[in-house]
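Here the structure comes first, spelled out in structure tokens, and everything after it is commentary.
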Amino acid sequence: MPTPPINLHDYEALAEQRMLPAAWDYFATGTDDELTLRANREAFARIQLRPRVLVDVSHCDTRTTVLGIPVSMPILVAPTAMHRYAHPEGECATARGVGAAGTLMTVSTESACSLEEIAAAATGPLWFQLYVFDRANAESLVRRAEDAGYRALVLTVDSARWGSKQRAARSEAEAPQFRAGNFAEGADFPAVSLTWDALAWLKGITRLPVLLKGILTAEDAALAVQHGADGLIVSNHGGRQLDAVPASIEALPAVAEAVAGRVEVYVDGGIRRGTDVLKALALGARAVLVGRPVLWGLAVAGEAGARDMLELLRAELELALALAGRPTLASIDRSLVKLP
Amino acid sequence: MPTPPINLHDYEALAEQRMLPAAWDYFATGTDDELTLRANREAFARIQLRPRVLVDVSHCDTRTTVLGIPVSMPILVAPTAMHRYAHPEGECATARGVGAAGTLMTVSTESACSLEEIAAAATGPLWFQLYVFDRANAESLVRRAEDAGYRALVLTVDSARWGSKQRAARSEAEAPQFRAGNFAEGADFPAVSLTWDALAWLKGITRLPVLLKGILTAEDAALAVQHGADGLIVSNHGGRQLDAVPASIEALPAVAEAVAGRVEVYVDGGIRRGTDVLKALALGARAVLVGRPVLWGLAVAGEAGARDMLELLRAELELALALAGRPTLASIDRSLVKLP
Amino acid sequence: MPTPPINLHDYEALAEQRMLPAAWDYFATGTDDELTLRANREAFARIQLRPRVLVDVSHCDTRTTVLGIPVSMPILVAPTAMHRYAHPEGECATARGVGAAGTLMTVSTESACSLEEIAAAATGPLWFQLYVFDRANAESLVRRAEDAGYRALVLTVDSARWGSKQRAARSEAEAPQFRAGNFAEGADFPAVSLTWDALAWLKGITRLPVLLKGILTAEDAALAVQHGADGLIVSNHGGRQLDAVPASIEALPAVAEAVAGRVEVYVDGGIRRGTDVLKALALGARAVLVGRPVLWGLAVAGEAGARDMLELLRAELELALALAGRPTLASIDRSLVKLP
Amino acid sequence: MPTPPINLHDYEALAEQRMLPAAWDYFATGTDDELTLRANREAFARIQLRPRVLVDVSHCDTRTTVLGIPVSMPILVAPTAMHRYAHPEGECATARGVGAAGTLMTVSTESACSLEEIAAAATGPLWFQLYVFDRANAESLVRRAEDAGYRALVLTVDSARWGSKQRAARSEAEAPQFRAGNFAEGADFPAVSLTWDALAWLKGITRLPVLLKGILTAEDAALAVQHGADGLIVSNHGGRQLDAVPASIEALPAVAEAVAGRVEVYVDGGIRRGTDVLKALALGARAVLVGRPVLWGLAVAGEAGARDMLELLRAELELALALAGRPTLASIDRSLVKLP
């Protein structure tokens, strides 16, 4: 195991050593046979890059904007629950690390710290991921997020039920229990079946832009734009909801095509290398989100680990831009990749 | 190994511990190099699901009918021989467990209990799987099945000879010997070459609907409908007859297309997850049948094991319906799957 | 390891135990990285069978003719060198075993017993495989083969040089040395570059039919027919000549199509199961030839082993015919297989 | 491990035993996840050869010319840095070995011996690989190379930054340090972003032909010809620059098609067998270059090892020509290969 870590795989290996086994399993698990969990990685390995040469890449720039918000890299932090399983300071440490890396964090409804604590600690922009357990509760969370300065809402749409995380189920007994930061003690988290009405309702009670997270088909992408979504995140929930769905990177091209630039499209799931980011951008993503690697960074070195993990990934992306002959994000297009 | 089992793989692992090695091999074996046995599983893993979101899935309903018979789930029990190798109470325990799960059992001609004993024990509907060793013998079985209240006949058409089960052959010496419940002691079970005439004959001596089990091609599916079959089961006999034939799930789409809704089409072979059931339904099956997992449940916990295994699978299917955005079986269509 | 062997894999495992390591390596080796050696097996596993049902298969018949010669099965014995490495009685034992199985043996120029000894021992028809080291020598062999009653000549056309058998090269030092039966002591076996003239010359000095062994392309198949070849054997020399060429079963369809029935087409390479034979026949072969399995049978039990191995394979083929719904070889057609 | 080595894999295994681990890692490493490093080998294994028979191959000739320079084989030596990591005599030993094998060596800017020392030692033609760290420095290298008799310049165009060689990074601490032979002590090697102007500039200051090394797309191949390149080397830098790019043999056909014979096209990356060379020539390469195998030969036996490795490869190619029915390099065409 390397010290210090030089890539995200190193962070993964170190984090597995540091975390309690139950916490590790809680984050690492996929659902059922973990077909989709594995597919998220394997699909990236089958996509090839077509590098161009003798382009001036003396200055490569990874900066971009997401929904108009400037960030240092097209790499955001995906919402994940209960960061205290990874580090005692939980999402507060994460938010400081992410801000130090110059990018944006999406805070989970199920964070261990409260959304206000996280906003107070944060040094960069935040989005708030919303589960609508019931509308009153959700409206209260939306108000709190607005008041705390969150910049957008990310409505998760793939969780009408909780997927069956069978690896985690086997070690659950030993897991530490933390209270969810946004709720009273003993609150529970029922999965709720939402419909397109929920989007209309949410748009009606907030001026924040609303992204939908968990879109995997062109059909739903078209409906989402039609119903007023301000952005889409192509996601299979890290392989933690319906098993046997495509890798998110496999689903991205059709979604991007259906959206046709009308709103921004993001993708999460399986991104571990700067070249993975490059592939996602070439296939139509405005930016990517990383989930588990943030927790690995956090487990290894708290705020500094989260920041360092993101900076490693940004440096890999910058190097990849140079070696691919694409000095700016705007110069990336579909011709950069060859699909299998 | 988990206690209690949380999925069918757990049942498999526990059953292997509990069964006599020779009994295990008897059920587990495929023929020759077991290409088809493995293909049955591998083919499912290559089929992807395309989930839809923001559909109202607050109530998902797995109930359906098969040949007009109401069942709690589109998951039936395939005919398998000699359940006493798995549990002393044999098919009587199975029938009680299957009925308790609200679904239908297909009893094998080669059951260890007699078809009348099974019918007496059963708490749900039964079909009778028929081998025609000779017509007199078969007619007698048909009459007995009719008298005992069986609701359909399942004529196996892929067994003109017995396949060469070479793994089982190696451990046969140690296997316990049970008498076949439907026959006098010492009866033997010659494989017999049937022709389409056999279907006409069978239709002529019974008013029960007749399904053909073992169809793998569109050509035979068309002939079957033309010759009056009331339903088809796409099956490769669990990889126990001709080796090197397609996985049954691979063969299903062409069969379903050839049948074009004129009769109900079923499929068995390799179903271990609720998402597998979903894939089969999307590719044209009215329901699926499970074989070996029933024996695993039986070996682990008798009647309760058979029931629990089916209920686990039904719960997985219900969860999959919700996460796929398909609250009813009627809402499932071909667009739900992506073939490799 | 089973006793007695129940399939060709068992013979392989037993033979490896029985043979001297150097003899085993001599027969088992392929050339270079053994890509083609492995491909010969892997390609069969990717071809699927499409079985038909409810066909009268009460009598299945594996008998056929090859160049008009009746044989008990469409499974012949390929030429392989130096059978004394496998058994002290060498090709004489093989010939008795093959004849007892009712089929035909192709004797190698490099046999350990002389062609006359083999003919005297043989109880079935023989073909003679010819290497043309020089024309005088070859003409002498042809005369001797004619006089001894051989029924056809098999001219090997893929051996302008000897392939580099690197696995064998590493253990050569320990190999027993037998004199080649057809030559004076100390004779050597130069690989010789032949041209289409060689076929014309050979046809000019004999009335025996001449088959070409080692054709892998449609182009050469067409030329062979045009130059008067009486039959073709699609072969990559068991993966022992040019590495990285296709599996012979992969090369068969294009050759059969180019030949269009004008002469008989055979195939060898990787056949281990009755279903493999069925695949080859469906793809256009009149019969198949098996090489290494004959040596395994010979090593395990001499004449009886060679016979038993062939009879196992014939029984597998007969079973496969029945289960595929193809009671006669004439009923096999292209629709029986699905290529990857 | 064989003594003596009989193929390049043997050289690899022996070299790993002989080299210091840090030196081994320095040469063996690819970048990031080594996807491209592995792809370079795996892609060759998927390409099949289509051998022709009964062609006169009694004399096979591997001689050819590269940019008009006669060489004994279409196998040249790729530029690799710091041969003293492999052998104390460094590139001087390599150059003698390569010359003894009758072929051409490309000397790296980052050689351990100076380009003049290498030229003095060399017994065959040399090309000089050029990194343009700055134009003054590069012009000085060009002059020195011209003066020392180098026959062409190979401008590397895939190295605007140095790729991240993470396997090597982990063992760097222990690596021996040699001074780069062409520079004053303490010189460093900044990666520099070049543009097409660099080619124009270089063509303007030398009469030597200029090849571009590192082209992977048809688009850049067309631009290269348009900007006056005298030849192209399809290369992914041995998997040491941008990871996830295609195997160089995968990229070759499109490049060769775009160039359409206007200049010579070469390829390096993953060539370990004579059949690999044959595949590359059939797909449009004038010759191939080998990198790591030269270092293996050097590590195992210095000058003699480099020569022997090349002669093994030449002999394999000659054998492959004969077995493929292609006695001359001119007789090789696209019909010799089947792509996956």
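Quick notes
Order of writing sets the chain letters: A, B, C and D. Residues in each chain are counted from 1.
FYI, contacts are C-beta pairs under 8 Å (C-beta built on N, C-alpha and C of every residue); 3 or more make two chains touch, one makes a residue touch a chain.
Note that the structure is predicted; figures quoted are calculated from it, not measured.
Any chain touching subunit C that also touches subunit D would appear here, but none does. Taking shared numbers over all numbers used, the subunit B to subunit C interface scores under half, which places it in the different class. In this assembly, the chain whose C-alpha centre lies farthest from subunit A is C. Between subunit B and subunit D, the centres computed from C-alpha atoms are 59 Å apart.
The centroid of the Cα atoms in subunit A and the matching centroid in subunit B are 42 Å apart. The set of subunit B residues touching two or more other chains is empty. Those residues of subunit A that touch subunit B in the complex are listed here as 32-33, 35, 157-158, 160-161, 163-164, 166, 169-170, 192-196, 198-199, 212, 214-217, 219-220, 223, 241-246. Listing the residues of subunit A that touch subunit D in their complex gives 2, 6-7, 9, 45, 47-58, 273, 275, 279, 316, 319-320, 322-325, 335, 338.
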